[in-house]
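Note that subunit A is present in both complexes that follow, paired respectively with subunit B and with subunit C.
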Partner chain A sequence: MKWLAIIVTLFVLFLSGCWSSDEIDTLAINMVVGIDKSENGFIISHQVINPRAIAVGENASESPVVLFEEEGVDIDETISKFVSKSARKTFNLHLRMVIIGEEVAKDGIKDIIDYFLRNNEYRTDFYIAIARNTTAKEILKILTPIEAIPGVDLYNSLELSSQRLASTKPMRIIELANTIISEGNNPVISGITMDYKGDIIPDSLEELQKSKNIIKLVYSGMGILKEDKLIGWLSDTEARGVNYITGNVVRSVGHSYYKDDIKITYEVIKSDSKITARLIDDKPVIKVKINVLANVTNVTGELDVSDMNNTKILSEVLENRLRQICEDTLSKVQREFKTDIFGFGDTIYRKHPKLWRELKSDWASEFSKLDVNIDIIVKINQLGEITKPIFMKGD
Partner chain B sequence: MVIKQDISQSIIKNINMLKESYECSDSLEIKYFTLESENELLCANIYFKDMVDKNSVNNLALEITDIKREVSKCTMKVKAETIKEIIIGFRQIKEGDNLEDLYSELLMGNCVFLIEGNNKFYSVFTSRLKSRSVEEPGSQSVVRGPREGFTEDMGNNVLLISKRVNNNSLRMINLTVGKISKTKVALMYIDGIAKKDIVNEIRSRIKRIQIDAIQDTNYIEELIKDDPYSVFPTFLSSEKSDTVSSALFDGKIVILVDGSPFTIIAPATLFDFLKVSEDYYHHFIVASMMRLIRFITFYFVLLVPSLYVAITTFHQEILPTPLLINIAAQREGVPFPALLEALLMEFTFEILREAGIRMPRAIGPAISIVGALVIGQAAVEAGIISAAVVIVVSFTAISSFSIPNYEMSSALRTIRFIFMILAGVLGIYGLFMGLIILWLHLCKIKSVTVPYLTSIAPLTNQGLRDGIIRFPFWKMKYKSLVINKSKSIKTKPKR
Partner chain C sequence: MEIKITNNQLFSLTVSTSIGGSILVVSSVLSIIAKQDAWIVGLVTPLIGVFIVLLYCYLGSKFPNMTIVEIIKKILGKWIGSIVAASLVFLSFILCINLPWYVSNFLTTHAIPETPPYAINFLFVVAVVIAVIYGLEAIARVSELIFYFSSVLFIITILLLIPNIKIENIQPVLEHGIRPVLEGSIFLSAFITFPLINILMVFPKNIYDIKKARAAIIKGYLCSSFFVFIFLIVTILVLGFAITASSQYPTYLLGKEIKIGRVLTRLEFVVAIVWFATQFIINVFFYYSTLIGLSQLIGLKDYKKIAIPLGFIIFIMTGVIFPNVIYQGFWASIVWTPYIVTHGLILPLVLLIVYLIRKHIFKNV
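Entry: the complex of A and B
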């Protein structure tokens, strides 16, 4: 009886096994999903890895990725149809990017977000970008130099540019969904486009190898979404302003002028912001306090930065420059787009929930009239390896 | 049982009986001599000519001539008893009164004396049997520390141990095991440190053994093991005198078997199998690191191949993307599923390992060439096996050799196959189910009444101090209380 029980248990354990097993060589590893609009629905593109081309020691004559596309009315239905084009099961758990076509974004992306969140074949660690002035399919076509897999290239360069330049915002699907749901906040998504400085679109390996003059993928600007619909674009500098205000700057660089002829280049090495809401005459006032730690990386002109008094000048120059960036961004968003992408509404809600109940029904217009004070404190950390500019005359 | 045949008073009758019943007249050498005094006494010296040490026999012959001269001078009546005393001198001597014992003495290479009118035989040790000299053991090599290893001669081994223990509280219980072979077995412990219960338990278990013959300590281990079906060794085998003596000082009991250089130490916990004597011969930080490596390789041997199988067939998502692409590229065109691939390669490694031990020394290099080139390189180049599997298998193999105890590493390598199948069928879920069962099993088994996981289950402070990390000697004040008798002090606090 005891043995029977053991045997039955083993059967139960082992017979249920294996159902979800997939050998690696039966999978089509999908790196990027592109979603475009078509006349009667969507065009979905998959950028699938061709492992044979990446194998070490193999002669890389094949393209490292293969583009599959399919048209259909519904997203899931369209994606399911890929099976008929490829002998391998699409493996989405390593998906790096979802590129949404600009046209789709203008129509709204709620159903796309629902699909990616609901389906258990996706993780939530991919980034989302909007194809600016082009379609997602065109973006997926392009092969990248150095990094063989364009999806990985896109993912890494989005992360790097947000950390080093602060001109992009890597947006994951959960954060995107949260900001869309939130009444006092709206999402921004980085735009991806082709730089038309080259003249050849590298959509095959020959062209990638042949020419130095190829078109490359570049992140450009930030798309502003009102709830889930794209309504406009911010430039790179304005995107940086958004990141300064929302405290998303890790590192950044910029330059400014003092007395018109002295150019100061700075490198922000640390920045954080604190958004607080106050009531003045029953009207909400937002105060944004930004603390910046910066290094001076370049000084051209007659300014002895090693002088203590001049250090004060330096930080003032930087403060003015950063304040200008932030205020320009703020006024453009307030006036042109009337969409709260900074989460000021959420701040008011947290601090003054009663007031928020009155404001939220007409938040868009309230936001455009909102009084926002930006207070920037810059601390100079290092002046670089040398103190005085070495070409400075005098003394 | 054959009824023992008594020796009669007549020499001639005895010798004829011997020749008749054992059919050994060819090789038997019989030297008659008479002692003359008042009376004449016929004696015979019997031995197998190929089995005795020539020098001892020559010496014996000279002595006999001396004795003859001495006896002829005196005027007393010569009796068997006096002769016995004269012949033997300080020599080791055995007395017997039946033919069977006589024959077995002859088989040992000893000389047997028969005296007319006396129904007893006296045997003198003249065996040419030589024991191996003390050498460095092949199985437990060290960089630093004592190198002397045991030999097949038990007396020699006992000497090596008592030289190290050097204390009069060392006790030795002599037993014999084997209905036919009558092999000598010794049980050693230090009185006052070892727990008496455990000593008595082992002694009574050995006494209960019913077997015809034993050749090695494993016979005893298998016959007195607490959980005979468990693949894990519960007796620590060792052929080094320093390991054994330090085990004695820890309150353990050592079992020696005549004819085997391997002693077994009990009770032994899982951690003892991952410790080596060298841990105590190096600085404690260095020793702890080495020990940590061994504890990690314990898991590597068990889990690396099965993790590979589980991840590549079930959980591709937990790999970093570049690694996934790399493995996918390697597996491109490999005709086997990952489980079969890994099983094949692990099996191949086992064959290579077995062949490496069994083959004649002279063709050793052939195995490594065939193994490395044919199976490693050619199989990968031909695309039959992916390079990742070869890496996984070799990594596991190297890990398994870093486990100091051969029985333990064999046990782990055996269980590894079960884990691979579990991983191939159920993925990491199966792997963890296997691990849970494994740890339940380890919690259950005992080594001579002591739980196998002593020092973590049951948790003991002192056990932990000499567990994964070896504490400095001045921090290891007391010995583990579960195994030994009293809170005896091992080392005094430094300051």
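Entry: the complex of A and C
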């Protein structure tokens, strides 16, 4: 017993923790992975933190991140080749974003998802976006002005825009894989692009010192995937429509007109949707019921919004506007893309599994003919800090 | 004098034995079998299982001051009894080899892939051997401690996962009928019900009061099946059955999904710790049973004398028991169920029948 204790103590001394331990000064922390298509296979880019530039107390004269690029036939093989370029081992547990090039997305992303789910160096909490009209490499090159590390900027901006504007959808890998597997649902992934309002591409710190004319990264639209292949894009407003229908809206803003000259701006503060499937004459009919709670944030024109009688007008105006957004989106998706991104197929499957077995083989064409009723109920909550429009001519 | 353990300790030993290896692994195979209805399996299994556990208790209570090895020898006679008992002891021995393999496989899959499995197995097996040398009393106390510790972490994990739940993931309920659910419940019983035959190593020999102890065992069994049910339903609700089915350790993936604000993330190792703790205590308990069983078979007075030599055998075997993960998957889903059903269901039934015949017809037990 005593000898055993001594031997074990010795082992503890010599084994000193984990075999596969990595000290922090041997790691290159990878924030964003970009995947582009090349003639032979893939171009993978890594956005790696430059530890010297972000260290506390150091004068930041170097770029906070460094871009590494490698070309190869296979993803994992290509990523493994990074060690020949960097003195440090890539560390992926802090990965924030995976940016997929548009061309890659058009070819299908199944193998990419399999790679990220299988490899133990990745967690599942990063978001996925598609580089729209550009390549992932170009996106990763850009430095961001306020947040020093572009990967963090991209991550936070995606979360914020989905919570405040509802024009994006932060897609994590588990949900993405589930929607691809599901027969009655298809994924949407937000697009990321550069806004070409500026003319300087900020890929070094000197350019970043200017406050205007620099190109910024912006989320734009939503890519529609048929299973795992990108087939088209929705605009920001249509993306909002998708989020309203699928119940992903936390907050959003918009405006609408009443009698052409009165403009009402509203802020949606709460929204949920309920999708139900019914059978009418043995045909499935989808009913989408959306409940919205909104504040009025701006009124221009002659409408006393504080008047009880006008509350109904207000909510009707809003209802019409939201219905229009949703119906436009729906008809575009049904006619142009013929791809069920709303999960209506899944709704039918959950309610009528037997019917679904007949429908699912030809769901794409069934979906384009599907009867969908959208029902929107808006409740007005607050009018802001003033009641009547302040410049309204009183009687 | 015999060492006696309290009912509370028996309760926690039952929970550990029953929950043991299953919690991290079963949801994957169950969602292959029963798809989105895997959680119903967790509800159905204890309904049947409770009778099997009652059967174990009945057998045990007829032979106070005996372990299952002695009971088998007594009922089936010296020669046949010894062979059957040896087979049962060998089953616990195989389990003692399996469990460290799972631990090292888990760690090398998820955390430290470059570490040789033997390095992890060594520390684990040494801890198990030392624990067994300290004796049953220490084992029972540790199992009590670990039960409280893991329950708290378990509840916290589940509460933190509530925001990720999607109710659509379990619908439609019973799409493929009740058949896959029943198939799944046989599989789940192989992990949470049948291994409980091992509790007969301490019940009723090391127990104060048989009636109260029986209640403790039943409570322990129901408690562990409740835990397994909760884990199953949360796994399916959060991950969906397709992802659960194709991942090796779905519960760990579940831990990765926890994300509340910016602070409460990266908690996957909390899940792993709970699992290590239960894995350790079940391994200690099965090793204790192996040693007691073996020493009773070969007529040793002190089981502690063979604890270290057998420990070396286990340590070496952990590296060769499964050549790779694919074979382990095959073993867990195809081989294990009939193997444990033979020992956990057929054996006690045969014992019961032979016992009743000998008691009422030949009147020689």
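We adopt the following convention: the second predicted complex is superposed on the first by the 380 of 395 C-alpha atoms of A that agree within 3 Å, B and C clash if a C-alpha of one lies under 4 Å from a C-alpha of the other, contacts with A are read in each partner's own complex, and residues count from 1 in each chain.
Here is the rule we go by: contacts are C-beta pairs under 8 Å (C-beta built on N, C-alpha and C of every residue); 3 or more make two chains touch, one makes a residue touch a chain.
Note that the structure is a prediction, hence the values are computed from the model and not measured.
J.: After lining both complexes up on subunit A, report clash or fit for subunit B versus subunit C.
T.: Superposition check on subunit A shows subunit B and subunit C fit without a clash.
J.: A:346 contacts which: subunit B (first), subunit C (second), both, neither?
T.: Only subunit C is touched by A:346; subunit B is not.
J.: Identify the partner contact of A:120: answer first if only subunit B is touched, second if only subunit C is, both if each is, neither if none is.
T.: After superposition on chain A, A:120 lies in contact with subunit C alone.
J.: Identify the partner contact of A:68: answer first if only subunit B is touched, second if only subunit C is, both if each is, neither if none is.
T.: In the superposition, A:68 contacts neither subunit B nor subunit C.
J.: What is the C-alpha-centre angle with subunit A at the apex and subunit B, subunit C at the ends, nearest 10 degrees?
T.: 50
J.: Scan A:178 for contacts with subunit B and subunit C and give back first, second, both or neither.
T.: A:178 contacts subunit C only, not subunit B.
J.: Output check: A:149 vs subunit B and subunit C. Expected answer is one of first, second, both, neither. What do you get?
T.: first
J.: For A:20, select first, second, both or neither according to whether it touches subunit B, subunit C, the two together, or no partner.
T.: Both partners, subunit B and subunit C.
J.: In the superposition on the shared chain, how near does any CA atom of subunit B get to one of subunit C? Answer in angstrom.
T.: 5
J.: Would you please give the residues of subunit A that touch subunit B in one complex and also touch subunit C in the other complex?
T.: 18, 20-21, 123
J.: Would you pull the subunit A residues touching subunit C in the complex into a rising list?
T.: 1, 4, 8, 11, 15, 18-21, 117, 120, 123-125, 174, 177-178, 181-182, 343, 346, 349-351, 353
J.: So in the complex, the part of subunit A that touches subunit B is made up of which residues?
T.: 13-14, 17-18, 20-25, 27, 29, 49, 51-52, 54-56, 58, 91, 93-94, 96, 123, 149, 152
J.: Under the stated contact criterion, what part of subunit C meets subunit A in this complex?
T.: Going through subunit C, the ones touching subunit A are 109-116, 119, 122-123, 126, 129-130, 133, 168, 171-172, 175, 239-240, 242-243, 247, 253, 256-257, 259, 265-266, 268, 308.
J.: Tell me, which parts of subunit B touch subunit A in their complex?
T.: For this pair, the touching residues of subunit B are 312-314, 316-317, 321-322, 324-334, 337-338, 424-427, 430, 433.
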